[in-house]
Each structure stands twice: as structure tokens, then as C-alpha cells.
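What follows is a single structure, and I will ask about it in a moment.
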Amino acid sequence: MAIESNNETKREAPIRLGMVGGGSGAFIGAVHRMAARLDGEFQLVAGALSSTPEKAKASGLELGLDPARTYSDFKEMAIREARLKDGIEAVAIVTPNHVHYAAAKEFLKRGIHVICDKPLTSTLGDARKFKKLVDESDALFVLTHNYTGYPMVRQARAMVAEGAIGAVRLVQMEYPQDWLTEAVEKTGSKQASWRTDPAQSGAGGSTGDIGTHAYNLGCFVSGLELDELAADLDSFVEGRPLDDNAHVMMRFKEKDGVRAKGMLWCSQVAPGHENGLQVRIYGTKGGLEWTQKDPNYLWYTPFGEPKRLITRAGAGAGPEAARVTRIPGGHPEGYLEGFANIYMEAARAIHARRKGTAPDAEVLYPTIDDGMKGMLFVDACVQSSKRNGAWVKA
Amino acid sequence: MAIESNNETKREAPIRLGMVGGGSGAFIGAVHRMAARLDGEFQLVAGALSSTPEKAKASGLELGLDPARTYSDFKEMAIREARLKDGIEAVAIVTPNHVHYAAAKEFLKRGIHVICDKPLTSTLGDARKFKKLVDESDALFVLTHNYTGYPMVRQARAMVAEGAIGAVRLVQMEYPQDWLTEAVEKTGSKQASWRTDPAQSGAGGSTGDIGTHAYNLGCFVSGLELDELAADLDSFVEGRPLDDNAHVMMRFKEKDGVRAKGMLWCSQVAPGHENGLQVRIYGTKGGLEWTQKDPNYLWYTPFGEPKRLITRAGAGAGPEAARVTRIPGGHPEGYLEGFANIYMEAARAIHARRKGTAPDAEVLYPTIDDGMKGMLFVDACVQSSKRNGAWVKA
Amino acid sequence: MAIESNNETKREAPIRLGMVGGGSGAFIGAVHRMAARLDGEFQLVAGALSSTPEKAKASGLELGLDPARTYSDFKEMAIREARLKDGIEAVAIVTPNHVHYAAAKEFLKRGIHVICDKPLTSTLGDARKFKKLVDESDALFVLTHNYTGYPMVRQARAMVAEGAIGAVRLVQMEYPQDWLTEAVEKTGSKQASWRTDPAQSGAGGSTGDIGTHAYNLGCFVSGLELDELAADLDSFVEGRPLDDNAHVMMRFKEKDGVRAKGMLWCSQVAPGHENGLQVRIYGTKGGLEWTQKDPNYLWYTPFGEPKRLITRAGAGAGPEAARVTRIPGGHPEGYLEGFANIYMEAARAIHARRKGTAPDAEVLYPTIDDGMKGMLFVDACVQSSKRNGAWVKA
Amino acid sequence: MAIESNNETKREAPIRLGMVGGGSGAFIGAVHRMAARLDGEFQLVAGALSSTPEKAKASGLELGLDPARTYSDFKEMAIREARLKDGIEAVAIVTPNHVHYAAAKEFLKRGIHVICDKPLTSTLGDARKFKKLVDESDALFVLTHNYTGYPMVRQARAMVAEGAIGAVRLVQMEYPQDWLTEAVEKTGSKQASWRTDPAQSGAGGSTGDIGTHAYNLGCFVSGLELDELAADLDSFVEGRPLDDNAHVMMRFKEKDGVRAKGMLWCSQVAPGHENGLQVRIYGTKGGLEWTQKDPNYLWYTPFGEPKRLITRAGAGAGPEAARVTRIPGGHPEGYLEGFANIYMEAARAIHARRKGTAPDAEVLYPTIDDGMKGMLFVDACVQSSKRNGAWVKA
């Protein structure tokens, strides 16, 4: 219940938001819009929702945008909005991966904050330029590795940092799905089509789309940095150019005197799994387990004691969970609330920027560096697999 | 993913919404606001957020309301907003129960639609007047029995209606909580204080606060009507004037040749339960089980076959679930999304009203009649318990 | 791992066991035999496995019994075995309910210990005579309310007794099944046939067969005694003379200053439930929950702290669980092991009797008094239901 | 309920059984004895329970063995029992791994059937000699990879064989434990001591003790054969000479046109896991998931349909499960019942051997070849890990 009650003084005017991509039929664009709306901190006022003018226009109408601020070209949108007195302050980029960098560049260089979907780009080259661009920009850059917005993921991270499980030895990550079990990319699914196309997605299939999420989550919670990995990638469906399953072994850099190990499994061909994201972390003094299927719960075992079920907003949940929770315990929060927490953190940072101050120390969102790590992870997976599972530095 | 994609033509202008109650520190007011915001169909533009002027003003500021439209008296708000050209079209009433009727009256009689929290009122007398008022009003009345907004609850209702479990024999409902295990109403909790005060809550404690939800859900899913009940109510915490636990046996009216039976347990003194709402329904051909803890799942057993796990937006979920779901299966939706579905249905009905048409046949929300049933349920529970558990007609 | 390691000195010779009932095709007879064999404390040496001579003979052969000790008349068996130098020391009675008393009488009066299935008898009259008989006999009487043999049920009982949940307020019991959803008693099922026949089962259907188990378990764990109950019994399947569903409200006798309440639901017509036995107990300081589906786990919530999962032989399990557990934690034990624990306790008592000593204080098994309570429970349910759910003293 | 009802004619005389190892305080010896007793098919009549004469004698007394048949030397036991007219027909070998081969040799060469714990031996050299010995012996050899005795594991295997999930693509195995999280081998635990000692256990720690189980189960259910693996082994606890955690990637031999992949994780340092054995198999048409924590359940997802929960002895379970189940659905069976199923299968084979016939085609138990595969798996893991995770042929 912390989110509204933090606003004890006059509410800031909503942040004027634009969107690139996310026209009719897109999945993630609608998610970003709901996440932006939930807490009332953003107002969508402009969009380049599609590069097809007709579709851009229709999508703008559907969303109630002013036709004058409905664009089919993101560059035009950046230029014109930058000139408006009440032009957009931030933009959400929700296109396929290969457009992220080019779009972000136009906004960042005009001082418009960018909230960008992951993975960062479709090529490592673009990613490196992207990193440079963001580092040199005054505008903010937020990457929506949204799972880090779940309250119990924050709780887990805080517990590891506080030593609740001792020195970390093991990080077991997985993200199985089943929606690409058959060759749906050949039967007209727009989602399946671009996500299995190297030109739009990049070098990674399941690794880029969901493996990066699992990897990001493992690092976020454990506080560890990857040293090297060995991967075995497959495309089980005939004719699919990108991996639809990946098995990865990991070695992390030493921390607290321990060189932790890990495994990551991501798959789009595992029937029975919708979005089975899970992270399990074990240390010298205990273990923590979280799964997206039951996002309001965190299993905690202090070694030698009974397992405990820590619930969002319940006994055992600390301030890190409380500041990103909206409703009392026992009323489940879900994916959209977690996603909205990233937008809420972005809003806090942008509000501070408006005032010329630094955001509160607690404000936490995924950055360009997390994006780079994801790109390097995909690249390492692909390189390792090509070299028959050799260990590759991340 | 049905919600946005239904809007295939120009989006309607958001509905101008006011709020009565819901000032700083309130729980349910914030929930209504998030539910109203999620789909962009409402815009909060006015409020009588507290009857204390200072608090009303501060709360308005926090929410970014125009100070000119921040009131401390709901009657004044009704009068003035009704006169404005762009005054509120609908009002959310989120006060303690004893204020519902008086507040709703002022808006309904001025043609302003009312979205009201449950239970309907604090007295049966008020409830009867309320029913008459609504029946005679041209404005819409929506009661936020929010659990009926969960997609899998809709799915269950549709399956029962289609005969998936045959004729219903048994309806087992429960809603255990633990937050009143000790006398927190004596230690400054505002929530606990009014919810255990007969003057503000009415004759029912746990029965009114949560029993009505479980009862509403049992009827919603089963399609049955209660005939009579026998109840045993307790106030386990010393000095608490209202029930904090209720055991209820039920007999439903005959349907499909069967006179179904049921049990309902609601409790606020059951340690380990946050909001353990659950409904289980068994018929001649199968069973259905749903629990709020895992709201994206519905267990279905066709008699003589293995149990099946139907997931929101997954295989086995039908159009009734799809039209109130926002994101793909496997990404959990929660309490706020379910609550927002009631607001979405209200928006659909209000949009139709704007155009002078009838809403689509699928539009479904709890009505004044559901509110009356809840009041009669509480009254029957209290009467039965006073008469040592005698059967009382509902 | 306590069971074998308790035997630190010379093992006792196995107890010579007979059996009445349990011929080919019976369910519970085979369960008793496996339970008796598991720990090597009993040896089946004689049987009146059926009253049909041919079937008795065949069943004896199947079990490898000496044909000379295979009887078709339990009285003959009692007389002859009592005369043998190495005749049976104990007999297991596993017939339909109406035979229990007559059979037990023949053995008890000859000093042969009796291990008898539940419910005690088919009539309250027989039950009262049975009680008198046992009280006057020197032989031991053990009733196989087997669920009290589960380690985590023992653990729960110990925790309640030690005050882990404070004074008990609520006892919620249920035992739903689905095997009688249709009229299988008319299609040749022997099990269904006698269990729905008043002449063989007694006045209670689901109440006698499974309700007694749930009730026994609720009392065993809570340490409470029932004061009165109100019941609503149904026979949902047309033409079925005994109840196949029961809803019961309960009031317990005051203990620790609290008059606890409870509910019990037993059903044989709830599709999706195989043997859904569950008991949940809530007190002033915490809650405990156990379900047969996951028998190796006990959920414990100290009020205001996270839920804990206590596992059989794991951290948090105490000596009461340890003395009835055989294998390390994480390797599941089940129904047979729990049943065998009752046999193990019986063996301990019989071994002590051999030596003329009292058994250890920890030895715990269901007695004739538990049997009487079960009979009174069924009778009170039937009486209450006939009187339209009036409260009836138990 | 199939087990007793299969014996429709005269029961065979119990098989005379001896035991090597399993003296006081041992874990697995007691498990073997209970498994052997449960169905009454074996009678323990001799033992070399310890190589320490005093302890052997005391252990024999505890178990009620004839002192004349209590040995401290397994060779002496083999020689003397082979000469007795009613000497043992079979022997259970339950010593630490390094003794298995030497002990088995003495019995096999005298025609005494051997039931041996796993892993097969402590060295690959011994394993190869063992294989030769068994192949040349007329006596039977049964390896207690006991998890293959669980009814739902049998069910899963049958479903894969029948094509329920199409061609297998993925086999995900894991077996995490936490009992070696700290250096308990240095604090007097006998179990921990020998299981972390290369001289007694062999080259594998967690890989040998539990990894072999997970691997055996993955192959048993999938019907696949391993081609090669890449492994990363760790000893997280300082000074521990054997692995306590292993991460393994696997490539199976082609079957049904697919070259399946897999992952295996076994760990003894994962706090919160008692015996978390799990196998998940995904194919072109569906998925199957089984975990030892809930052994009576099997999750089955036909691709594109809702998940189904198949229960032991419930709807959806076939003859392969039924023939190794003892009690009705909903009454949980556990580890001992699964273990006893291996003994039951051994008994069926031995009974057939007594008569000079072949056992029924359905009789199924782990063989010397399964033992060899386990040894090769451990060796490949160790070799791969030494070579920095290179792929090693299995």
C-alpha cells in the first residue's frame, strides 16, 4: 500500500508520454500503456504506433490520441514533439528489437527520456553504440526488465544482500514456454513471426526473448556477476533459424569467497508451460525460491529450519517489497503491477529530474548496463553453442 | 487480450468520475482509483474524499484534483457537479457502509451514475429504500462485488451454465482472514475500527465484510438462489460487538430437479489466512474449484476423468474469460485487474447510455439486487444465530 | 527412523494374528495385512476370511495360511485358536460394520486382543454393549482410526497440546470423496453395496464411513470434546437409503476459557475428490493445517509471522512425529505407513502385556471410547437432520 | 490394488532372504527390510549385517535372526547358506558401494540371487567385472533404482512409449538435497562420512549418490539413451573430496527423428530441499512432469489442451500403474511402496525361476545394465568436469 501513500503532498502533473510501436494487435505495447496508466503518473499524448501511416492513424484513434500528434515516423515525432511547449517528456519504445536503437537515438539526443523494451537491440554492434549514446545523454534511459518490479523479487534481492542465505553458491534459473512447440511462425502469427526472425530479433531466439529475462533476474536477486558460460542451443522446429531451446551452465565471479555456479534453461517448446519463469538461489546459510506463477509468494529456508512462506505485504516482507506494493496481502498482484512498478520508478526519477534533484536512493530500475549484459549473454550463448559448448566469457 | 482489442474504432472520451470517501490512508478508495485508471476509461475529476474539510483538501491535492472540485460534503458535490457542463458523469462511493445510501441518493437523483462499494448499506431499512431509489432512477448503479470480475470466475459461471458439471448439488464457500485475531480495533487501526462498529458497518461483522463476498460468488458461479440458511455466529475477541466468525449451512432453491446444499465459512480470526476466498461447486457430472490465492487457475473435474487445470487465456478458457482478460496466459493477473473489470463493464454500460443504446448483452456487473441479496444474507445470518441456528428464509 | 532403532535389544517374537473378514476382493482387509507385515511385529496365522466356506478356503490359500487354521465361522475360530498352544494372540476384524461386535465378543471373552476396523458397529445399541464388553475384558481393544497414525497428525496434536496456537477457537474438518456420485451400488460394486446398506453399515452413510474419520481427527488434534452439533444430511443419489453428503456445525466444550466452534463436511458425491481428508485448527496464537493429500507436511502459522512448512523428519518436527516415522525426510510416507503405526502401537501394547508390564506412556492408539464417540456422532447427525438441523448433544 | 489380487491361487512360500550390511543405524538396510516384508513375499533368515562380529551379532538379535545364521563375513555366509537345504535363495546387499561387487560375487557364483543397492560399485573397473559376472551367472541380479517402482513413474514411461507426448525433445532432471550444506562428515555422521569418502563411494559424490537416480529416472521414463554429456562439478564445502553439486548438459541418441537434449542438476548443498527428485519430459505433442514430493500425481499436458492431473489408481492411470499399486486412489502411497515394488518384481522373477519358467512379460526391474549406465554416467561427469566441461561420450 506504499505507492499512493508516498504521495503525501501535492501530486506532480502527469508525465507526458509518447510511444513508438504498439499499434493494434501488438502485445507489449498494450502492456506498457496499462503499466503507465495504473498509477496516474503518465499521460499518453503522442505516438508513432506503426510505420504504416494508415495503421498508425487507426491505432492513434483507438487510443484517443490527438490526430495531430499521431505519427508514422518516429524521427518526425521526435523532432516535432521536441519543439512543442508541452511536447512529450518521455517515450516508450515497444517495437521489435532491431528498431530500438535507431528510435531511442532520436529521442535521447533531444533530451527526451526513453523507456525501452528488452532486449536492448538486435545486434551487439548497435548495443555498444546504444550504451555510448545513453552514457553521453542527459536524458534518462529505463529498460523494462519488468520482472524486477515484482515485490517479492525485490524482497528476495534485499534478503540476499542482507545475508539471509549467506554466501551464494547456486543460482538456478528457468523460463520455459510452449507457444512455439509447433511452427506457428508459418501460420500468420505476428508475434511468432518477428520473434523467430534474426533480422528483427537478433542472434538469439528463446535466449533473447526470455533467456535474458531469466538471466537478468538471477543476477538482480543474487547480486552476482557472470564470469563465463557454456551453452547448448537448439532449434527443434524444422526450419526455424533461431534457437527455441537453450541449456546453459554458468560460472559467476567470486563473491564472499565463493565462486557460485548456475544453470539456466529457457525454452519455447516445453508443452505445459505458459511463462514458467523461476529463480532459485542457494547459499551457505539458506535458500530462496520464487516463481512467476505464484508471484506474491517467496519461499525462504534458513538452513536447518522449516521453510517459510513470505507473502507480499504479509509478515516477513520488508520495506523493499512494501514500497512497490499497492494492496493488502492476500489480494494477489500480478504481471501488470510489477510492470507498472518499473514505470513508477521511472516516474520518480523523471520527477526528480524535473526539479533538478537526484531521485531517492531507493529508486531502482533496469539500466543500459543491464541491457548490455543481456546482449552479451545472448552473444555468449550463441558463440558457445557454435563452439560446441565451450566456455565463453560474458 | 480482449480488452484493448475490442476498441477497434475511435476511443470514447474518458468518463468523468467523482469519488466520495477514499481520503488518505483508506484502503478501498485507492483500489477504486487504480481500477478506474487501468483501462483509461475514467478520469477522476472531483472528490468529496473526506468529511473533514482539511483532510478533504489535502487528499485532493495528493490526487492532483482541481481544488475547486474538491469538496468535503458529498451533497454539495452532487449539486455543484450536476450544474457543471463537464461535471462528473459517475461517482464512486467508497465510504464506510452507513454512508452509502445517503450519498448515492444525492447523485442518483441528479442522474449521475453510481459505482458503490459493498455491502450495500448498514441497515436493511436503508437497503430497501436504496433498492427503490435505484429502480426509479434513470442512472446506472453498479455494486463492486469485485470478485465477479476475475476471468476464471466468469469462466466457471459460464461452464456451470453450459452444463459442464450437470445439475448442481453442492456449493462450498469460504473466506477466512486473520487480521482481527487480536483486538486491533482497540489499538488505532482505522480499518479495524469502523469494520467492527455496528453503527458504521451494520449488523454483520465478518458476515457483512467478507461473508457477502463469498455468498455473492457462490450464487454468481452456481446460478442458484438461496432458499434458507442456518447460522452460528461468534465474536471470539472479547468486547467485539460484531461477529468475527460465521458458520453457515445453506439450502438453495430447486434447479434442474435438485435442491442443492451449501456451506459457508467466513472468519477474521483464522491465523494463516490473508484473504482465503474460495468457492467449490459440485454437480451430477463434475466439479469446479477456484481460490483467490491462485486466481488465474480453475480446476475442473469431469466426473470419471482426470482433473484439468484451466488457465486464464490458456487452452480451455472460453469467451467469457477472454473478454475480461488483458494479457497472455502465464502472466498472472490479480485483484486489481478483476476489480478493473467491474469498472470496465460499468464503462461499457455508461458509454452505451451516452449514445442512448443498450449495452452489449455480455456486459455483466453486480447490481442493486445483488446488494439486496447480500443485505438479506447478513440479516438472515444474524437472525438465525440469535434463534440458535434456526433455519431462516433468505 | 525411530521405529527400527527403538528395538535395541532382542526382537520380540512376532505376534500371532488372526483375521475375520478380508477375503478376496476386499479393500480394507488387504490394508490391515500390509500394515501388520510392514514392521515384522505380526504374523498372520489364522483366518475366518469369509463366511462362505469355499471362499474362506480359497482366500486362505491365497494368503498362504495353513488350511487347518482357515475357518468360515469366526466363533469356531475363536474357540479353536484359544485352545491351541500357539493359537492367535490377536485378531483383526475387518468385516462390514454390523458384524464387528458379534465377532469381537468371541475373541475378547477368550482373552484374545482385538484390532477392529471403524466405525465401531452398525447400531448404537451394539456399540454400548461393545463398550461394556471391552471395559470388562482383560484383552486389549484397538480401533483403526488410522489417520491418527500419520506422523504429522501426531505432530499437530503435540503442538496444540503445547500451546503453539494458543486456545483453540475453530476446528474445520472435511472429508470429500466422489466415488458415489452415481448409483454404483446398483451396478455390482461390493464396496458400494454394503457401504450404502443400513443393515450392514448402520444409520450413517458418508457420516459413518468418512465423517467419523474427520471428526475423530478433529478431536484428536485439537484435544477438544464435542458438546453439540447441528446437521443437514442428504442422499443426493435417488434411492440411496443412507446419507451421501453431510453438512455439520459443531460446538465444543469449553477449554482454556474458549468455547470453540467447528464445521464438518463429508461427501461421497463431490467430483474431483478422491480422499480429501483435511483438518484445520485455529487458535488465539496461530493456526495448523493438514491434508491427507500431502501427508508429510504440516502448515503452521504463528500469528503475525510467516507460514512455516513443517516436514516429517525435517526441522521443526518433534519426538511425537519421530517415533512413528521410518525413513528420512523428503522420502514420502503414506497411508499404509500411517496405518502400520496403529499396528505398531498395538504391538507395543501387546508386547508389554506379554511381559505383564504397562506399555510406555507414549503408546497411543484409538480406543473403544473413540469408537463410542464416532457412534454418538453419527447418531447425533442423523437425529439432528431428522429434526431439521436442531442442535443435538453429542 | 493389483498386488494382492494377482495372487489368485495358492500363495508361494516366501523367498528365503539374507542381507549383507544394514546393521544398527544404517538407513538403507532398514528400507530394504521393510520393502521385503510389505507384501509377504520374502522372509529374512540370515545376515552378515556388519563386518564387526559384535555388531553383527547384536544387529541379528535386534532383527530376530537365528544366531546360527548371523555372520560377520559375507563370504562365510555365502558358503554356509549355499550348503543348507533351506539356505537363502536371495541376498540383499546394502553395504557402502565399494563392497557391492566383492559381496555379490560370492553369492552369484553359488546361484544365489542378488538384490543390490546402487550405485553398482565404487570403481568402473569393478563395474565391468560385475557386469561380466552377472552375465555369466544363472542367478538373477536386481539393482534397487527404487524410484522406477513408483506407479506414476511407470505410468509416465508407458505414456511416452505410447506416443502421448510425441517424439521426445527435452528431458529435465533434478535431484537437490541440503543435508551436506555444512561439513557434517566431520561431525560424526556415519551416512555423511562414507558418502563423501572416495574409497567407499567411488569417484562421484552427489553424482553417484543421487545424480545416478535422476539420470536413471530420466532414461527410464523417456526411453532414450544418452550419447554424451558436459558437466561442471563442485565441492562447495571446503575439504570435501567428492562433488556435492553437479550441473550437467546432455545429448541423447536420436530417436523418432529427434536428437533430444537434457539437463541434470544434483546437489547436496541446496537448503530447502530434502529429496527434490523431479523429472520433466517434453515432446512434439505434449509434456509430462513428476516429482517425488507428490509421488501419487503425474501432470500431463497434451499440447494445446489444459493440463491434466493423473492420479495413481484414478482416472487416466493405466495398467502399468495399476499392477504396482496397492490401495485406492486418494490414499497416498510413498517411497517404501515404490521400493517394495522392486522387491515384488524381484519376487515374481524368482518365483518363475523356482518353477523353471520365464517371468511374465510385464515384470520390470533395474538390471546390471542400468547399473553400468550409472557408473558410466558418474565417470563421464568426472571426466568432463576435469576437462573443463568438454563433451564426453557416455
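Just so it is clear, A, B, C and D label the chains in written order, and each chain counts residues from 1 on its own.
Basically, a residue touches a chain if its C-beta (ideal position, glycine included) is under 8 Å from a C-beta of that chain, and two chains touch if they have at least 3 such contacts.
Chain-to-protein mapping (UniProt): A, B, C, D = Oxidoreductase.
On a predicted model such as this, the values are computed, not experimentally measured, just so you know.
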- request: Would you mind naming the chains that touch chain A and likewise touch chain B?
  value: C, D
- request: Any chance you could name the chains that touch chain A and chain C both?
  value: B, D
- prompt: In terms of C-beta pairs in contact, which of A-D and C-D ranks higher?
  reply: C-D
- prompt: Are the two sides of the chain B and chain D contact the same residues or different ones, given that same means over half of the numbers occur on both copies?
  reply: same
Field: Cα superposition of chain B on its sequence copy chain C - rotation in ° rounded to nearest 5
entry: 180
Message: On a C-alpha centroid basis, what's the spacing between chain A and chain D, in Å?
response: 43
Query: How many angstrom between the C-alpha centroids of chain D and chain B?
result: 55
- request: Would you kindly tell me how far, in whole Å, the mean C-alpha position of chain D lies from that of chain C?
  value: 34
Multi-chain contact residues (two or more partners), chain B: 273, 307, 311, 314
Task: In the complex, go through chain A and note every residue touching chain C.
output: 300, 304-311, 314-316
Task: Show which residues of chain C lie in contact with chain B when the two form their complex.
output: 165, 169-170, 172, 178, 181-182, 230, 232, 234, 236, 245, 247, 249, 251, 258, 261-263, 265, 267, 269-273, 280, 282-287, 289, 299, 301-303, 307, 388-389, 391
Field: chain A - residues contacting chain B, complex
entry: 1, 4-5, 7-14, 24-25, 27, 30-31, 33-34, 37-40, 61-64, 177, 273-276, 292-296, 311, 314, 326-337
